[in-house]
Each structure stands twice: as structure tokens, then as C-alpha cells.
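Each of the next two complexes has chain A plus one other chain: chain B in the first, chain C in the second.
What follows is the complex of A and B.
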């Protein structure tokens, strides 16, 4: 029985590999591989390697177990509230999101037929290779997110609605807690990649040069070229305020002088393989790379308006002012 | 006879212009190629109706006539309003009486009420004639508009999306072709966007029918027909020309203005508010 299973698994793996090798991406009228459509990179696989799974590749039972746990978590969160539950005590943390708001994916990332334990593929341990100085800087920035309440500029970009949380718009484009959708449209000389959160259209020029290093833009400056079936995008000139890519799922620091190289390859009618490398000698002891499946998403993407209804930011600042007043009054 | 000849020449020229557009710029799926970075060259964002130049958007009574309001007086000539012939067909917006009163009230309270001042999404059609370019991405499968102002975006559905699921700032857009004209029907708006800095407004019953018609390789005619029975006595139309940027200028920049309005919106919540 075991032998048969092994043969089956091996032949399935071969079939999966063969399917990819045989797959010919559709072409646009201009003859480029067609990457257009609405895609999602939502997955329960974390960016960095889980401690209890040291290997990059998970077994099927391991992947099943992680997906089952995710389903159970969602079911628990969706269960009706106990009508007899007592009200929270004054000062209790009632939490932020319940599972209704969370849309981080339900499946383990499946790349080339492999279930992945981390989106990072290199270094081999699946961990971000920070230099000690960058790790210290990262901790300092995280503390300033917690404690920095003196003005709006100290709050993270997602709270300010300047760009989405974490590294959702990237690059690299990494999944966050929700709104992990992207739309790609190809036009002569450019590829537009819309990140749902914060309605951010990344406009990748095909060919050309980056501006002088003192010109810095949100999501950096992206230049692309085609290598066979792959769109290769190089991004530099990052805005310094985008160095901390913080969200609930991860908090990544990279310097504004990083170079990010992304590779978009359509490997099936319903999947783009998204590969990236971050080259940043100021923050990391070596370049780090990752792979994320971008799966065809049931569209469409609806409007993401954030700033227009941003009650959180004034609430956070006003809360800090109120707290300071209460503390002062208590001291008197 | 001469008159007939002239008419014939005119028709032939018109036909050849249309053919040139397609020959020079190519087509996308048999329709005019709308790809490019486009922008108006008018002052409609100040006031879509005809207006003379004036000292400021926000005025207050002075001893010898209106003067700039205190909040904007320091801007001097930079804060002044350039004149415009207006873009409303027929010259006047057919407001219902109550709505005309509200428009005047909006104008008098411009600093407090214009959503542009707070960097809110501009809505339609205002997004088109903001003093910023926008880029059209036009392929066989998709038409997508990215606006420089506030990083606003619109995906133009090419298959009927049905009723909009909810009200939004930029609405829901459904594109069809009428010959060489891209017709975009936009619905599902909230009532919080304006048409310009002069307080011209609409309700959440707004329906905008836009017509994008190439004139030649570098210009496009833009029409937006406004239907909103709650505010106006009849449908009315704006018309203007869109110009295609060329060379090094044909690139969208970023104008993510949210951070530029944080002092205005949240400055009073600082630990130490500025004097």
C-alpha cells in the first residue's frame, strides 16, 4: 500500500511538473505573455518559516492539518455570540477584528506541486537575514509604532491610508490580513498592477531608466522587461517612510536603498508564479528571495476607500490626548 | 455646385481623419486605441460654469467689494482663480430652486466643504478635469483609468456588472462602444463628491454617461451627461477636449495628497498643536 502511495505521489508530481512544462501562456495582441486579470496572493503560509516546520516543503498531511486548523479558527470566530455572556469589564481589550473581517486565505501556498512552510525560499532557513544593526533599527521602529502618538506622522502608513498595510502593494507584494487582490492590465510600454489596498496602481514602465536617487516614490520606481514568458520588474528609489512594512502577520524592515526584483510567470490559466528577491546590503547580510502563487480570483475588485472614512487615526490621536489629560488629572 | 463640392471635400477629409487615427495609432480589438496619458487644458475644476477671473475661491466682503478670505489672503496671486468659458452645454446648470440655493451655500463655505481640500476621491466626472493627468490602460480585455490626483482608479467593466452593490466615491463604470466612441455609464455614487471648487453638487442618484471620442491622434472629445432627478430639472451635459501628453511628459507622477492634509485634518490632535 505504501509503495503504491509513493508511486502515485511521484507520478502526480511528475504530472504537475509536466503540466507546467507543457503550459503555453496566452499571448496579447503584442505577442507578450498575457498576465491580465484579477489575482490573489492570499495564503495561510507565512512569509518567514514556522519554527515547528524547519523544512521549506511540507508533507500533504502537514498541509492538511494547517488548513484544517484555519477552518476551525474561522468556524469558532463565526459562531454566534453567547447571549448570556457577561459584558466586558471596563478596560477590557475587546479585540479588533473578528473572523468576518479576516480574509487571509484558507490554503497553504502550493508552488511547483510543493506545499510550502514559508514564502521565503532563500536563505535556506526561511528567515529574514537581518544584520544586527538592521534588527535593532526594526525593533526601534516597532516600538515607535506602539508608542508614537504625538502626531499623525508617527503612525504607520496603513493607519494613515497612505499605502496599504504591510507590504501589500510592495514590492515585494506580500499577503496581509485581507484585501489580497490585484488586477493586472497590459498596455503598450507599461504594465499596470493594481493593489486593492489602498487602490494603489503600480505603473511598471517597460524599459527606461530609474530617476536620480533623490527622487523617491511610494512603492518605488519600477522598470520591467520580458524574459521569455516572464515579466521581470526591478524596483529602486523607495520612499524612506515605506521602510517599515508592518501588519498583523509580519513586520519587515528594509532600507530605502533596497533593490527588489520580481518575476511574474503565468504557469497555468489560473495561476501566476510570483518570485522576488530583495537585495539590500544596508539591512540584510545576504539577498533574500521568495515565491508566492498568485491564483485567479473571482473578481471584480470593488472600491477601496480608506482616508475618506478614516475614523481610526483621529480616534487614536484623540485617545492619546485624553489619556494624557486623565493621567495629569490623576497626578494632581 | 461649389457649395456641394466643399461639402464633399469636408466629408472626405473627415473620413480620412478617422482613418488616420486608426492607421497612425492602431486599434485595440478593432476600436480606437485610447492608451496614453491624457489631461484637460481648462479651468473647469475651478468652476464648470462660465466665470471671470477673481481674487480667490474664498472671498469675504471688503470695504469696496469682495476680498480674499483671511484663511487664503497670504496666497496672493497664486490663490486667484483663472477665468473660464465654462464647459456646460447651454451655459447653465438646470438646478431645482432648492438645489441652486444649496450650491450657493456650498460656494460660500468652500473651505469647509469642498472634498478636494481634504484629498478625498474626486468622483466622476470631476476626476477627468482635475488639473492633473490620468492614464488610460486599454487592452483587448480591459480598460482601466489611473488618475494622478489622489491615486484614484477606475476599472471600466466591459461586461455588464449589474446593479452596483453599494455607493462609492468613484462609482461603478460599465463601458460599451458606439462606433469609435467609448461610452462609459457610471452609477452607484455616494453624494459626497462635487463637480468643481464652486460648490456644484449632486445626490446619490447621480448617473453619468461619458463619451470619449478620438478627434485625432492627440486629442479626444469628452462629454459627460449628468442625470440626477433629485437635484436637476433635466439631464445636462459637459463637453471639453482631452489632450494626450507626448515625450517625457507622458508619464503619470504620484500625487498622494493624504499626507499633505494631515495638518489640516489632524493638526489639532497633536500632542503640541502648532501655533
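What follows is the complex of A and C.
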């Protein structure tokens, strides 16, 4: 890189930093920083670091290449099918549905002017620092999802429409394949965060205290306070059934005794910087942290009335019953 | 690793959770738990109605048999929320439209009130996808489906 371009790059970085430092978030009627609106955390940056990009920060050409690949795959998914194509093959992966149903983001996460290779910023390698016991527990829980077909209670929470799948409603709130949209509403003493999944609304009590540890709720218990213009939210008292946060993009195990600290800072009129740390000595050898840009979304939030149309759950259980009958008949 | 490495595109796909084939194996639920990999279907017929519901939309059609009679099928899609954002609504696929479905029958093989299949690929008769306009990424067969052996 020559001197001029170095100076230009340094100037742009300074300008980007200055823009954030100079930005003053609008205020609510109560005088608090205004985080309200509809936001999206959709991004192609994965939660954990990609092996072939060991550094947290990608170069612009690397980020451009990843976004170009994403566009190419989307175009391929939208391409016409050969009208004379046969049915899919028996014994193949059943797949799911066409890509037009998916909305997982098209851009690399851009934080403080840096293109990120992972949402995790710490540990330095960008990987989840599981203890061996927690890794074993994680595998056991994944296998129980595969094999637990006796009744609805054994099925994952997302499949039962109790909580959004993966860690979409969190905390920490991590993007999944679609509906990566959130609405924030502030009222005196409260901040409400609604995920576009299963009507998951988290009420953060400003200045509140956690209930006794035997009170366990979906998405845990969230209390918050303001540090300057940053909303700091601390969540504990997770429900044990929410320890497995599984989706296609990641399968994260956290113990019910984890503490998650989130920081919401409005860094521009169209962006909130979302930072989080998971403190969970039962599952991880050290705390892990991440950063995700929450960009202004073209609202509104749409309803996700999951129970009403959940034909999948009875279908899955009925399928298991039929498989058992077939196995029994084969044995006789 | 250099960008010229032939393996890189595949690695990127696997790491980012981006589309390899136009399917998603696990979203709200595991498709491998609901559909029978040994029962592929190819359906052709007219749409009778579309259920624009969550967590998954269902496209109903009368699939034409070899003898000319029809059988009612319903085909699973994804969340209609994504389509709404892409400007697609319940008037975008109307009854009477001819479609072609390639997918797999439900594991329960139940056909009351309709036989069920996943809509692994749903097109018009000329091969065009029935919907366009999504930002479109999907899921690879990367072992992330909990029905598959987990990654350790």
C-alpha cells in the first residue's frame, strides 16, 4: 500500500470513528436515548469464526467476495428448474423448501468500520470456549432432539412454538434463517424487545432486581440500566429447557445459570450496536462476547402466529408412530 | 488460504450457512423428522388454495394422476413473513394456477384430508420458481440438522 492510500485509509477510519463519537442519539419524552424502532440483525457473518479467515477483521475484498458468493447462491436458488426434471431421488436428503422463503441476510457484519469474520469477538479465536463436559452435554441434547419422538414434550421449543428457534429471541439475540427482525418500544421504567418469532417479547425492567433463582422464565429475567447513552441489560434465571439454542446456522448450548449482559448503543440514526457477553462457568472455560450491528429495518414487524398453523409437530409425531408400526410389522 | 483455492467456495458456503441446494433442512423444525426420504413425489396440478400461515405456509393443489383423476395434496413452504417483505402477498398465487412440485411425502403417509409433501422445489410448468424476490439464502447439508450426527 502506498503512502497516499495509507493516509486515505487512516483518514476514513478516523472519520468513521468521529462520526460515531459525534452522533447524539435522539431522546424519548422521558429524556432517555431513543432506541425505538424496527431493527434487523440479519447478516451472513456466522456466530463462530470461519477457519479459513482466522482474523476477526476481514479486508474489503474478502468481504466483497463473501457477499458476491451470497448473491451467486441466491441467483442459483432462484434459477428455473428443468421442466422435465424427474422427482428427487429416494434416499436423498429431503431438503426443505425453495430459497425464496429464506431471509438470512446478504451482507457481512460491519462494526465500527470493520468487516467481521465472526460475530464472536472474544475469545480471540472466535470460537465458543466449551468445557469438555459442556461439549458432551451439547451433543447429548442434539441427539435427544433427533431421537425424542414419544410426545411433544420431547420436541425442541421452536418446533412446539414456545420460543423462537435458535437464539433468535435470546439473549443473546443471534440471527437465524429468517424473521431476523426486532421491535424496541420504550416506556417509563421498561424497554420491550419483540422478536419476529412466536411473539417473543422481552420486558427489560430498568432499575429492577432479579427474582429468586427458582423463578425461571423463557428468555430469562432481564433487568437494565443506562450507562451514558448505552442501555445495559443483564439476564439470568434462564429456563433449563432453553439451554439448547439450535438452528441450521449454529447449535449453542448454554447452562440455565448463565448470565448474559447486553449493551445497546445507538451509533447512527439507522443503526444500533448490539454487544453481548455470556458468563457461564458451567458451560464455558471463559466468558464469550460478540458484536452485531442492528440495522434499521423496513418495518413493520409481522405476526408469527406459530401455534395456529403448526401442522409440523403432529406430522412429526405421527410419522414416528408410522415408522414404529412399520418396524414392528417387519419384526413379526 | 488463497482465494484461488478451489475448495474455498464450498468452505464458505458451509461456514456461512448459505445455500447449496434450494432447500433448508432445519428451520422451525427438522424436515427430516417430518418427511420420508424414501418417498419422493413429483406432482403436477392446479392450486386449489394457499394457507398463508406461520410457522409454514401450505400450498394446496389437485395433483393429476396418470388416469386423469386428481388427488388432493398440500405442500409445505416457509414463513409468509419473508414473502411479504419481498412484496409477495396472498394474491400472488391464485387458485387455478398450474404448478409442479418436487419433494418428499410426509412420514405419516396420511392423506386425510390431503396427502402432504414438502415443497423442496415448487415451480410453474415452464420451470420458473413460483415466487421470486427473496434475498435468498438457505441451508446446506452440513450436519447442522439435529437429525444428522452432530458436529463435535
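Following the convention adopted for this analysis, the second predicted complex is superposed on the first by the 320 of 332 C-alpha atoms of A that agree within 3 Å, B and C clash if a C-alpha of one lies under 4 Å from a C-alpha of the other, contacts with A are read in each partner's own complex, and residues count from 1 in each chain.
In this section, a residue touches a chain if its C-beta (ideal position, glycine included) is under 8 Å from a C-beta of that chain, and two chains touch if they have at least 3 such contacts.
Owing to the predicted nature of the structure, the values given are computational and were not obtained by experimental measurement.
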Which partner does A:201 contact after superposing on A: first (chain B), second (chain C), both, neither?
first
Which partner does A:151 reach: the first (chain B), the second (chain C), both, or neither?
first
Under the stated touch criterion, which partner chain does A:187 make contact with: chain B (first), chain C (second), both, or neither?
first
Quick check on the superposed pair: does A:36 touch chain B, chain C, both, or neither? Answer first, second, both or neither.
first
Chosen between chain B and chain C, the partner touching more chain A residues is C
Contacts of A:321 with chain B and chain C, given as first, second, both or neither
both
Partner chain(s) touched by A:80 [first = chain B, second = chain C, both, neither]
second
Using the superposition on chain A described above, determine whether A:50 touches chain B (first), chain C (second), both, or neither.
second
A:137 contacts which: chain B (first), chain C (second), both, neither?
neither
First (chain B), second (chain C), both or neither: which does A:99 touch?
second
Intersected contact list for chain A, partners chain B and chain C 149, 161, 302-303, 305, 308, 313, 318, 320-321
Touching residues on chain A, where the partner in the complex is chain B
28-29, 34, 36-37, 149-153, 160-163, 183, 185-188, 190, 192, 194, 198-201, 203, 205, 217-218, 300-303, 305, 307-308, 313-314, 317-318, 320-321, 324
Applying the document's contact rule, which stretches of chain B touch chain A when the two form their complex?
28-29, 35, 119-121, 135-142, 144, 146, 151-153, 155, 157, 161, 165-166, 168-170, 192, 251-252, 254, 256, 258-259, 262, 265-266, 269-272
For the complex, which residues does chain C have touching chain A?
1, 3, 8-9, 11-13, 15-42, 51, 53-58, 76-86, 100, 102-104, 106-110, 116, 118-123, 125-142, 144-148, 150-152
Which part of chain A faces chain C closely enough to touch in the complex?
44-46, 50-52, 65-66, 69-70, 73-78, 80-83, 85-106, 135, 138-139, 142-143, 145-146, 149, 156, 158-159, 161, 165, 176-179, 196, 246-251, 298, 302-306, 308-313, 315-316, 318-323
